[in-house]
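Below, chain A partners chain B and then partners chain C, in two separate complexes.
This part shows the complex of A and B:
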């Protein structure tokens, strides 16, 4: 006897359709013990071949569970594989070296102490959560803590290496969901009719049930596969599933286990969807139907014919259809002792299966008790109409066929194969061929309609529930008794029963249990199955990982031309929207002192910049800003504040006139996109007759602010074509010239930091050159770079507000303390009516400068200003320790009665302390007269 | 005046070593040999023309929205937006291209040198639509976006002008120009390389003296 035979006692000799590669043995571990299998095995088939019968414990009662469907949707075979939880062991192909373990068991799969739940099962039936853990409310956290320990699922670690999840888009003419014989045929027919086809199959191989069929089926399978391989217009995706269908045939498809990615989400826009999902065999409800060793006929046929695994030694078969008969024949062929076949069509039935860790016997309808280790049920089929439901279909129940059939579908969705009706393989293929051709025609939008032959509903016994109670939902441990109990409590609607008992809400999502649940409920309520209806199947059809939904992480980022310099010089990055900015290079206070005493340089490239051209620009500026713009001479710069139509401050910035019909508008960094849209919105919808072109140039220019008393001296060394004398180039003016050898640079004399400063806008491709040149040439002047934090300190020292920080979504312009800029005598401007009302109300909070009396205390931003015990009368919007003054400084909002200079207000600190601050004469704490920046 | 070195133009996309200066731009001298190539084409001159969508300028340029064509000077004229045309020309020729832009009297028209404002990437190879399909929801099939198509869309969540501009004899080599706002050029380039890594994408140095 070979080593493999010893290690895999249930492995059969070679089977005609087997998918295992006997020349490629694989080793793996199961709950720590070494095991062997072959390439092509699933984890479950390899374990079954080695004699394993119990794979997991059930969700609630921790009952031992074995194979049921031996497919992706097998509820008893969710396993931990290496660091990956909830792996579908009956689907995942075996890999060498896998470490496989059961999950949701303690201390072991064999001895699981939580199986004690079965002893108290009568007290923890359906809905017990809702009744038991409601009161007292104070204990809810404790309940949650305990219940979490009972939750199913494997383990994962935040330290696990990140897997690669991919994403792509596809635009096929036709998507065929399901690649059984009907799906393959439909795909071929569509492709032959000129369509580009995407054929999606959940299994690893094409062919559906043909794969585990007899000689004739296998011959047909090979023929179909050859045709697919020869058809270039068909893209085949195996181990993939259409998980959702949305409006316009927008399909979500998940591909699994790709060579370069563990999963890929494909977003496909299909002109026509062909649903060829086949049928799913449903379990039979009877006592002991979840004991390991009770399997569906398709599971048995998969094990035997695909993986050459003997499912048992002595079997009893319950058959209601030819597929069940075929399973009995397969078992007999491989030498399993088929001790009895109970034929439902002759009124025979199965009453109970007995056993703990595995079936030991069954009881039949006639009282016979038969010893066996395998029970096979073939009780009928469920049509997985999920994709049809998502397309708006409400399948109808046909009693004589014991199944649901599609009813009404949109033109761009066509069903075929077993989901559409009943017939032999030839009939299904004929239907599929016509469906594929018609799908191609509809996709092309031309040609004569193809007649699709009708498929009959077929006949099948209605055999859902036996004479005893059994498990309905194997994922959630919901039994037929639970459903009857829920119905007795008044939950007589299928949707209510679902939510009360959680039936169909587990990982299988109703594929195995929906129809049985409906049958139990209909029996309880006296309604027919058709009257009871089904729950609604919504996306996703199959479980989807969060990784697959996220795909590759694509988050645009923006860099200034000087970014690499900042990184090389140790700048601490600041994420500001999509921008990465240098927050500081060292101590921000030192950076401030260097600017105040010598000269500093900061990268302000993210400042929004809009190039405005045309004769109507002044009208536009007058419309959008609260102040006046009619008389801005060429070479001048003016500060402006923009309001939305509700008078709320939208943005601020300076605009310079570069030429007769050319202006450059700057915006805040965060407001650049908003302002561009705002300007274009006005021009395109309200003033289309105005001649203005707006061109966003934010990163067309590398922007840098050279600030400090020695900034002029520095620029005189590198500037050509611009007279920097303060008389020739005074404050709030703009000049164009050559800086550091770069032409077409703009220089603005403005002063956000409150210092003598020049804002240089150089063509971005030369930004790094200009930056490095200034630092090089200014070395002896003490030039140092400074970051955003130092800039924020200095602007606060100067009392310059930041829109969005010192204003909020309710701050109208008068509240921002810029009364001087608001020109209500203009004919019109955005927000004017609201501002007129605001002025007249005079009841608004106002932004003021605040000086804490204890200068050593910096009240955190957003600290509340209070009166009495806890009446909020304002808040601190900005606060810093001023390196220039050696004390804390603030801006803040205060109620109208507190806005007079000299008023003392109380600031509540987060730690509960209260400090006193004084309202200052103006916002500026340093150089309120502006001597330094005008110098 | 201080003694200042001559400025070298830099793309927002960092050129892999080795590098050289070509037409005033710092570029990589790497050469791709594979079938799928990506090239930083930012040095190409870019000029933006804005005018009425149905006016004399539109007639003179002769390129509709969503299409691109080369004019007699070899400039690629792209109908990039309503009343908006992008002119792509050889490095250093922005002024000439701008000067040639039609300016009929009586029509409001602006012509702007955009070269320093945008990043431009060329993706070439039969697999390029597959790479783009990982980043963009547009259908890049011939029937939908044939050669000379131009569209503004989202690529890797970034607003991007995509221009199909096949290369080679009879334009047989599938190629796309991707044009985006400059500060996100490195991001777009990295996203394309990442999407193409399993298709053996290679970085190719900029050599073009024309578009």
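This part shows the complex of A and C:
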């Protein structure tokens, strides 16, 4: 006897359709002990071959659980594999060296102390979460910490290595969900009719139930696979699942275990979706139906025919359909002693299965008690209609067929195969062939409609629940008794019962148990199954990892051309919308002092820049800004504030006139996209007759601000073609010329920092060159770079408000304290009526400068300004320690009665302390007359 | 996610667009009353059924256009450029709805699920 045979006592001799590769043995560990299997085994089949019957403990009662369906949806074998929890053991293929462990067991799979829960089962029945652990409320945290140790789930660690997850878009004509004989045939027919097809199969191989069938089925399987392989218009995705269908056939498909990625989320826009999801065998509800060794007929046939595993030695089979009969034949063929076949169609039935860690005997309807170690049930089929539900279908129950059938679907969703009706393989294939051709026709939007033959609703016994109580939801440990007691308590609607008992809410999400739950409830309430209805199936069809949803990140990030320099010089990055900016290079206070005393340079590339051309630009500016623009001479720049139509401040910035019909508008960095859209909106909709051409130039120019008393001296060394003399190039003017050898640079004399400063906009491709040249030639002048934080300190010293920081979504323009800029004598501008009314009301909070009396205290931004015990009369919007003044300075909103200069206001700090601050004469704390920047 | 047929670019995911709103005529700022002006700003018909509305192809051609959409089924039966506006349709109006014009852009929020 070979070593493998010793280690795998349940392994059969070669089976005709087996998928294991006996020449490739694999070794792995199960709860620490070495085991062997073959390539092609699932983890569960390898374990079953080695004699394992108990794979896990159940969620609530900690009952031992074995294989039930031996498929992806098997609730009994969710396993921990290496660092990955909740692996579907009956789906995941075995790999060499895997470390597999059972979950939800303590201290071990065999001795589980929590199985004592079974003994107190009557206390933790339906709704026990809501009843038992709610009172007294003060104990709820204690309950939670205890319950957590009893709940299911594996373990993850923050130290686990990060895996790569991928994303992809696809635009197929037809997506076929499910690659059984019908799905394959529909895909082939669609492709032959000229469609590009994506065929998605949840399992590792194509073929559905043909794979575990007899000789005829296997012959057909190979034929279909050959046709698929020869058809270039079909892309095949195996081990992949369509998890959601959304409006317009927008499909979420998850591909698993790719060579280069853990998972990939495919967002597919299909013209037509063909749903060929097949049928899922449902368990039978009777006493002991979850004892290890009780399994579905499909599980038995998978184990025998795909993995050559003997499911047991002595079997009793309950069969309501030909598939159950076939399972009994398979068992007999491999030498299992089939001790009795109970034929539901002849009124025979199974009453109970007995055993602890494994089934030992069954009791039959006629009182017979039969010893066995395997009980097989073939009680019927559930149509997994999730994707149809997501397309708006409400499947209808057909009692003669004991199943739900699709009812109404949009034109771009077609069901075929077992989900659409009953028939032998030939009938299903004929239906699928017509469906595939019709799908291709609808995708193309032309051609003559293909007649799809109707699939009958074949007869099948309604055999859901036996004469004893048993498990309905194997994942959530909900029994038929629990459902009955919920119904007795008044939860008689299926949606209520679901939420009260958590039936269908576990990892299997109703695929095995929904129809049984409905059957139990309908019996309890005296209604039919059709009247009771099912719960709504929502996305996702199968669990999706957060990794698949999150990665790969496709969000663009923006860097200025000088980013490399910033990184090389130790800049701390600041995320500002889509931009990454230097926040500081060292100490921001030192950066401020260097600008105030010598000269500094900052990268302001993210500033929004719009090139505006045409004769109507002045009209546009007059309409968008609250101030006047008709008389802006060539070479001048002006500061402006924009409001939306509700009078709320939208953005601000400087616009310069570069030529007769040419202007450059700058916006805030964060407002660049909004303003561009705002400008286009006015020009395309309200003022389509105006001649203005808009070109976004934000990333076309590298922008830098050179600020400080020595900035003119620095620029004189590198500028050609521009007279920098203050008489020739005064404050609030713009000039075009050559800087550092680069033509077509613009220089604006403006002063956000409050210093003599020049904002240089150089063609982006030369940005780094200009930047490095300025730092190089300014070395002896003491030039140093400064970051966003230093600029924020300096603008606060100058009292310049930042839209969105010092204003919010309710700040109308007068509230921003910029009365001087608002020209209500203009005929029209955006938001004008609201500002007229705001001025007349005179009841608004207004932005003022504030200085704490104790200059060493810097109140945190958003600190409230209060009156009396707890009346809020304002808030601090910006607050910093000023390196220039050596004291704290702020901007803030105050109520109307507090806005006069000199008023003392009370600021409440987060720790509850209160300080006094004085309202200043103007926003500016440093050089309010603007002598420095005009110099 | 529905597809919207841009009259310039063809069908595109709706996440590429900004919903501008119902076409609304801007009152004369010289004579408007607060009531009229705020109706213009905030009041929407929000009908159930076929409506005419405006969209902006934000991450595409950046054009405003008109559309007829069924607000129950999300079916879009026609879209048009301003010069192709069907008889009885308002010209493009209603620039003021800026609900969706955030810096983050259309990809920052909802994803497929």
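Quick note on the criterion: the second predicted complex is superposed on the first by the 927 of 935 C-alpha atoms of A that agree within 3 Å, B and C clash if a C-alpha of one lies under 4 Å from a C-alpha of the other, contacts with A are read in each partner's own complex, and residues count from 1 in each chain.
The rule is simple: a contact is a pair of C-beta atoms (placed from the backbone, for glycine too) under 8 Å apart; a residue touches a chain by one contact, two chains touch by 3 or more.
Fair warning: this is a prediction, and the values are worked out from it, not measured in the lab.
By the document's definition of touching, of the two partners only chain C reaches A:252; chain B does not. Once the two complexes are laid over each other on the shared chain, residue contacts for A:267 go to chain B and to chain C alike. Once the two complexes are overlaid on the shared chain, A:554 sits against chain B and chain C alike.
Of the two partner chains placed around the shared chain by superposition, neither chain B nor chain C is touched by A:389.
Applying the stated contact rule after C-alpha superposition, one finds that A:673 touches chain C and leaves chain B untouched.
When both complexes are overlaid on chain A, the residue A:720 reaches chain B alone and has no touch with chain C.
When both complexes are overlaid on chain A, the residue A:103 reaches neither chain B nor chain C.
Contacts of A:766 after superposition on the shared chain: chain B is touched, whereas chain C is not. Contact with chain B, but none with chain C, is seen for A:698 once the two complexes are overlaid on the shared chain.
Shared interface residues of chain A (contacting chain B in one complex, chain C in the other): 267, 269, 554-555, 578.
For chain C in complex with chain A, the residues that touch the partner chain are 1-3, 13, 18, 20, 26-27, 29-30, 32, 34, 37, 40-41, 54, 56, 58, 62-64, 74, 82, 91-96, 98, 101-105, 107-108, 111-113.
Put simply, chain A touches chain C in their complex at residues 243-244, 246-248, 250, 252, 265, 267, 269, 539-540, 544, 549, 554-555, 577-578, 644-646, 650, 670-674, 677-678, 680-682, 684-686, 688, 827-828, 830, 832-834, 837.
Those residues of chain B whose C-beta lies close enough to touch chain A in the complex are 1-2, 4-12, 14, 25, 42, 48, 50, 108, 110, 112, 114-118, 130, 133-139, 141, 144, 156-158, 181-184, 186-187, 191, 194-195, 198. Interface of chain A with chain B (complex): residues 166-171, 196, 259-260, 267, 269, 552, 554-561, 564, 578-579, 605, 611, 613-614, 691, 693, 695-701, 717-718, 720, 740-742, 763-770, 773, 777.
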